[in-house]
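Listed below are the structures to be examined.
Paired with subunit B in one complex and with subunit C in the other, subunit A is shared by the two complexes that follow.
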Partner chain A sequence: MSHSDTVPLNTSSQSDIDEIENLLVMHQHGPSHTHYPGSVPAARPSSPPRASIPVSTSISVPSALPTPKTPVSVGPIPKPSMESPPTPDYGAGKAPTGFGGGPSANTLTEPVWLTIKRDLIRIGTNLRHVVFPNPYREDPGQALRDWDLWGPFFFIVFLGVAISYSASSDNSKVFAVVFAVLAAGAVILTLNVLLLGGHIIFFQSLSLLGYCLFPLDIGALICMLNSHPIVNGIVVLITLAWSSWAAYPFVSAAVSSNRKALAVYPVFLLYVSIGFFIFAV
Partner chain B sequence: MNPITCLFHVLFKGLAIAFYILSSLFFKYFAIHFVITVLLEALDFWVVKNVSGRILVGLRWWNEVSDQGESIWRYESLDQEELARLNKKDSWLFWWTLYLNAAAWVVLGIIAIIKFNFDYLLVVGVCVALSVANLIGFTRCRKDAKKQIQAYASQAVASHVASTIQSAFSVV
Partner chain C sequence: MLLPFQEANLQTFPPSNAHSKLLGSYPSHAGEESTGSRPQNGDESQGGLPRFLRVSTYQPYFDVNTEDVSQRILHSLLLNWGEFMTVTNHNPDLYGPFWICTTLIFVASAFGNFSTYLSNSSSWQFDIGKVNWAAGLFYAYTFLLPLLLYFFLKYINVALGLVQLWCLYGYSLFVFIPVSFIALVPVSVLKWVVVAGAGLISTTFVITSLKMHLGSSEWSFVVIIGLIILQASFALAFKILFFA
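This part shows the complex of A and B:
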């Protein structure tokens, strides 16, 4: 554990911090650090806008911000003077607000709304990488590197509420069933990939499967507001295809090629059954 | 020492449990019970992990995905002098509420099983998962911190001994 990389930051801006990070990464991990081909810093989404260090707090030495690539431990955490109430959002990312992502000592003292904004941006970034058509789609294994579970949480809850809202019979049972099916389904599908000998990280895959529910959320919203069966059916079919299309590259990239179908089919099945829920309930 | 943080540390936990127990008095729909209880518990998870963990006991833990696709659990703690400066009451409160919260949700889960309320068991399951996750994370973090302190101390002693020997030789 070297403390030699603590750099006294006065009122540096974010670009300075990034430059220092890059210097440290290059310096410490020269030849031994394996990069994905041709994707040195560009593969990562650019670091989220962090607060510049507020001058009012009495911070001794905010240590240099290690990127998740470096195994250097951060120096002493500055003692913050946290007065503001905690933010009601929890995304992950460069700051350990959710589960995944690396540390950022500055976030101890940043204003609350900035944390919220950063987390929302992170959810948007993850969403964009996973769900939307993107001709420059990165290597699937990297796309959800900064996974977070809070986007999936909101999507699953919204789906449950939307489906149970328009349910004719027992609303609470419907909600519970939808939530349980989605949550258990995501866990089981991840286990499926792992048991097939695939290389995927548990939470990353959970996060991915949750984000791919976004199109189905849209479908459920439309079906909630509209009651024409044929239109509902078409909408469900389209969103279902979109969800499966979004999830396919990640799941298939994780397993060896002769087992792709075994890994992809259950995902498709899950989304089809949720589509049935949306349409029929 | 940090009354506001302590308050928030306990606030969301208490609200979640209270809302779970009293929910049938307020709303009819299970979906609302579920969403609000789980939301409160998740807020508590966030607060403990990101705010009160750092302020009250100086510990932080998170998970990273490395370039090779491995998931790494990281632990971080304040160094020796800062740790000594932490208020004992704060850390007592922190750890005890963490244990009690997890225990309370487990008890509520057992009650839900006995009453055959499997819908509510779902709620309790999620809340148990969240509180136990924080508990395990911080316990591991504390053990890691102790290990680091020991390693650092032994390293300091060894380097001190080496330097005194060196100076002794140089004098001779």
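This part shows the complex of A and C:
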């Protein structure tokens, strides 16, 4: 059970084995043995290098930020008061773990509610940074340092359900079309910026375009509950403008200035078409 | 007199020496390294993905600026008698065709629904089938038909590049966008006239752009007639499906 035999396992399973070993060790040696999993030398290889977002090292303090890694992810059990910050190479190996960086928490042994709460807080934080009018609104290049895909997923599904709910026929077809348009649209918009020679990170851009759907979600909710066409039209226009306002700085900052219109126009087209679906269906 | 065609690698799709265009002062060269989407940034020498799946392979086809695109759109509307092909000879782009096609899908389905609403506002419901039909028809027309044309032109030994045909057909659809706006007016005759006019403009655009490259063999006459028929049936389908 030594940690020096580095059998080249899959990243997550090696870390699972580490964690189980450590739990057994802690149990065997009792509370006198202060053997925190955080001090185990990282026998497992660090996670595959993803495109890393510039994460400041101050984020490496454990319980500060949530990380919605898949349930098999492991890491140091967050004990902020007792544990010193992780060793440098451990921290460096942990930082670029996708999903916006930050140390991944031990989601196997904590209550489910805690995991969900962490994700919800992250979604709220990202919303506040991206969507809401905010005088301290961050520089678009750093916009979603902590990107995740749960928020966009929830917004897209909610939008599809809201639009298909108020359709009078062919509800499932409507949902399928809206979902396909939104999901494929986000991917195609990101590819469009990349092909025009822009500098963005793929998943960060997907995440941001998903978060900018939040105003349209509000509009869809209002239109679902209300059926007066003029009010619906005004609401859709306002939320459409809000969504476009939220997404514009990010996309326009990513390409060179003589192609800005080429990159921004498809974003506008997507939001206008979704706004039209909200209004008309 | 055939215009000399640059047997540029951009005409073969995907290009075989994409990187030769990216070397030099091309800004997208740095952009390739920052893409997190493809798992190729671990080790440069490995080259994770096959070449046809990488973003950088297709970047030469999107090397246009805003004024290039608007200039090409103006060419398609004003029918500058074959200048379009010389303009796009060295730099055919795929941005225009794809986004004009996508815009047209949205515009046609939205305004088609709106025009049925204006005809009988009492019992109207949004017809989502129009979106599906629009997507199928426009994407097939813009991307499949030039492919077939390319193979046929190769058979009769005419040197035209595939990407250039895509570019041509994509921009030829632009005229249907303003026409959709006009066809909202619920007067049946106006709808027919306007869609027929759009069909005429796009057909003329395609034919005049292709004619000087087709030579004067008997096949070229067949090709021209065939293209006219196809474009006319496209305009007809457009009218019937969306603005009936």
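Quick note on the criterion: the second predicted complex is superposed on the first by the 171 of 281 C-alpha atoms of A that agree within 3 Å, B and C clash if a C-alpha of one lies under 4 Å from a C-alpha of the other, contacts with A are read in each partner's own complex, and residues count from 1 in each chain.
What we mean here is this: contacts are C-beta pairs under 8 Å (C-beta built on N, C-alpha and C of every residue); 3 or more make two chains touch, one makes a residue touch a chain.
No experiment lies behind these values; they were computed from the predicted model shown.
**Student:** For the overlaid complexes, name the partner, subunit B or subunit C, with more touching residues on subunit A.
**Tutor:** Partner with more touched residues of subunit A: B.
**Student:** By the touch definition at the top of the document, which applies to A:N226: first (subunit B), second (subunit C), both, or neither?
**Tutor:** After superposing on A, A:N226 lies clear of both subunit B and subunit C.
**Student:** Scan A:F179 for contacts with subunit B and subunit C and give back first, second, both or neither.
**Tutor:** Touch partner of A:F179: subunit B, not subunit C.
**Student:** A:F153 in the overlay: touching subunit B, subunit C, both, or neither? Say first, second, both or neither.
**Tutor:** Only subunit B; A:F153 stays clear of subunit C.
**Student:** What is the contact status of A:L191 with respect to subunit B (first) and subunit C (second): first, second, both, or neither?
**Tutor:** second
**Student:** Which of the two partners, first being subunit B and second being subunit C, lies in contact with A:S168: first, second, both, or neither?
**Tutor:** A:S168 sits against subunit C, while subunit B stays out of touch.
**Student:** Please write out, lowest number first, the residues of subunit A touched by both subunit B and subunit C across the two complexes.
**Tutor:** Touching subunit B and subunit C on subunit A: residues 173, 199-204.
**Student:** For the complex, which residues does subunit A have touching subunit B?
**Tutor:** Per the stated touch rule, the residues are 1, 33-36, 68-69, 71, 73-77, 79-80, 82-83, 85-90, 92, 95-103, 108, 141, 145-147, 150, 153, 157, 160-161, 164, 171-173, 175-176, 179-180, 199-204.
**Student:** Looking at the complex, which residues from subunit C come into contact with subunit A?
**Tutor:** The contact residues of subunit C facing subunit A are 26-28, 30-31, 34-37, 39, 41-42, 55, 58-59, 61-67, 69, 95, 99, 102-103, 106, 110, 113-114, 125-126, 128-129, 131-132.
**Student:** Which stretch or stretches of subunit B touch subunit A in the complex?
**Tutor:** 2, 4-5, 8, 29-31, 34-35, 38, 42-43, 45-47, 49-51, 54-55, 58, 60-72, 74, 76, 78-79, 82, 118-119, 122, 148, 152
**Student:** Please name which positions on subunit A make contact with subunit C in the complex.
**Tutor:** For subunit A paired with subunit C, touching residues are 48-51, 167-170, 173-174, 177, 190-192, 194-204, 256, 258-262, 265-266, 269, 272-273, 276, 280-281.
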